[in-house]
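Notes follow the structure.
Chain nomenclature is as follows: A, B and C, assigned in order of appearance, with residue numbering initiated at 1 for each chain independently.
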């Protein structure tokens, strides 16, 4: 149930500022994720919350109490590492029991707690094995078991799924979600994989260069990206960003190269240049002429099973779009395309923020 | 990493204390002693500043010891590196039984120097020694001014070449075999591969081994002290033996400490020399 | 290379390394009157008399005991002190690590002769002359650089996340050391232990200076100063040498890989 508050957090390594003036509240019971490209400071942030590194300035509060100067064990947090960091010389049982042993719990409690956790994670048959005798997925579970066995105030997970193969990763996501629902412990999760972030979390913070770009529930990040970075980082394939200039504000008409589009639902104040974002799935491509459509040439066709993505070019404009099912296209073919006018995102080119 | 806790320094405290008591303090004490005329029996202690050091260079016995030490160091270290490299190349090519051969090669290195010195003294024995018997000669190896130092060098080479060979073998193992294959495909011959690929890649390790060996040879004591005692007529007396004699047989702690200080400074210069080459190589 | 050439080379290397030991062994089996006749090479009337006399007419048992105790105490102390420092250098956030390591390395190059005279005076002052402790203290210090150097490399090789996991699981830095990192560095510990033991078993200069009677005299000094009545007792010296060489040969053959690992961790990676 622990609420975590980060107040004006700053972290410097020598002259390099990794985290800058960060303010954030993570609610009790929440599954909260930091997502961002490598080097954005998300792992550092997790280590700061864990107490594995010291903050340069600011405050970290757990339920209103300042824990900034406490050691990891005093903060009562548990952490799952990317490499799992299982103790290679201990059996599965001893690995899970370790946090309890350090806290000098009696042997009966240890035994029953380890068995409870092993049951929860399906590890009953593996308790006498050593980590090197386990598969990647099993190691992952042991790492989770070691984290949950002592019911910590906060769970910290640093890219825990990134060493698993793609199939297992998706399975483990569902399990993590279930586990979180059962335990109800505040969880802070770090990943570079936006899909993982969206599918797991109550709320997500997108980090870039040590600053939060946007915080919100997954749907909000997807539907109303606050910056061009969030717009391109969240969602796969990436949102198309196009340059345009405002021709008329009411009704809105924006010119791009030799075409004009009319995004709906916007009331903007600025003039001149603007950045238009549109997701590939909101661009329709057809071999037949479309109303309000334009012509373009097919450059690359990329089938991915359920859908087919296609890169199209018109003059200096280059777009990725979704192709309707059942179409057969070759590179070089002439096609027609059309934007969904309600699905445009508009950004200020000078600040790269949403208008 | 985490926590600027001062408790972390407690972990190195024992080492720091031990180093201070048994190396730094004695070294300062040595410097102090070397600036004094001090005799243990007569209980004399008088400050003479650099007199002891100035006297060094007019002391013929010191100059001979210096010459002996340099000769011993240069000859033994060059022989050890050459022979060690040959054995290392051979061990590296050995496919079966490398473990056993390595263990055997380690034995001379592992036995006490005193034991090997006694062993060789007996082998060199002019009347009943195995060498004279096998060679069919009657040479007084350890009693002749010409042979004594070379006999000591020969023993030292026998004792320490294994160490050199094993370190160089470890260095050879670090050279990826693809490199040999690539060179062979490029049409390079054995000797060419050795000179242009193996030697340059092995250079850092050769330098490290040279550093260890040069310092060890320069401060040589037990091997020669037991084998010849510095004789005959001081022809095998090295700096360490001379310093020991002055310190503990004539009990002139002032002058003896000056000699010891001189050895310390030489070893320091040798290390600085090698370390600077090593660092230049890595840049 | 042909097989014959290769075999010949192996035989040559082996003979070069073991030849002197074989001659020592042969000598140790000879009764004293046979020592002064060559040929025959092999003893005509082999005897164990020399081995018995090493213990009966000389206090060699006590000398071996001294060496064993001094080397064991040194090994334990050096590992205890050294592993703490190595852990701090590898995993903890302390300042001046590079400086400390450079200092440690320079201590390993100290010529023993440079510290023997001041240490002698200090030991005399402390009343430790002719005791095990004089040697243990000195050997511990001079084996510390090797210990710290090798173990720092071993601790560094343990992934940092394992150390961090131990902290998060509730360990203090010392608990993380004792319960997690130390067990994981066991191969390094044993390699270091062997090297330190061999070093203390073999050391001569300090032992010669700090010991004066059989109370604390160690093997190298015992053999160097082996007393003879009229002439050097070569057969007994040979027997004594064989006795002290055998444990070393056993250790070398058992732990050959560990020893080489330790030596190279000290030299190659450094």
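The rule is simple: contacts are C-beta pairs under 8 Å (C-beta built on N, C-alpha and C of every residue); 3 or more make two chains touch, one makes a residue touch a chain.
Everything numeric here is computed off the predicted structure, so don't read it as measured data.
When every chain is reduced to the mean of its C-alpha atoms, the one closest to the centre of the whole protein set is C. Taking each chain's centre as the mean of its CA atoms, B is the chain most distant from subunit A. Look at where the CA atoms of subunit A average out and do the same for subunit C: the two points lie 57 Å apart. Once the centre of each chain is set as its mean CA position, subunit A and subunit B turn out to be 60 Å apart. One inter-chain figure worth recording: subunit B and subunit C are separated by 16 Å, centre to centre, where each centre is the mean of the chain's CA atoms.
Residue positions of subunit A touching 2 or more other chains: 47, 51-52, 71-72. The set of subunit C residues touching two or more other chains comprises 167.
Residue positions 1-4 of subunit B are each in touch with at least two other chains. Contact residues of subunit C toward subunit A in the complex are 159, 161-162, 164-172, 175, 179-180, 183-184. Taken together, the subunit A residues at the contact with subunit C in this complex read 47, 50-52, 71-73, 77-79, 81-83, 85, 87-89, 98-99, 102-103, 146, 150, 156. Taken together, the subunit B residues at the contact with subunit C in this complex read 1-5, 7-9, 11-12, 14-15, 18-19, 21-23, 25-27, 29-30, 33, 87, 90, 93-94, 97, 99, 101-108, 110-120, 122-123, 125, 127-128, 130, 133, 158, 162-163, 166-167, 170-171, 174, 205, 208-209, 212, 215, 218-219, 221-222, 225-226, 239-240, 243-244, 247-248, 253, 256-257, 260-261, 263-264, 267-268, 271.
Within the complex formed with subunit B, the residues of subunit C that make contact are 1, 6, 9-10, 13-14, 16-18, 20-21, 23-24, 27, 35-39, 41, 80-82, 84-85, 87-89, 91-94, 100, 103-104, 106-107, 109-122, 137-138, 140-142, 144, 148, 160, 167, 173-174, 177, 198, 201-202, 204-205, 209, 219-221, 223-224, 226, 234, 237-238, 241, 244-245, 248-249, 251-253, 256-257, 259-260, 263-264, 267-268, 270.
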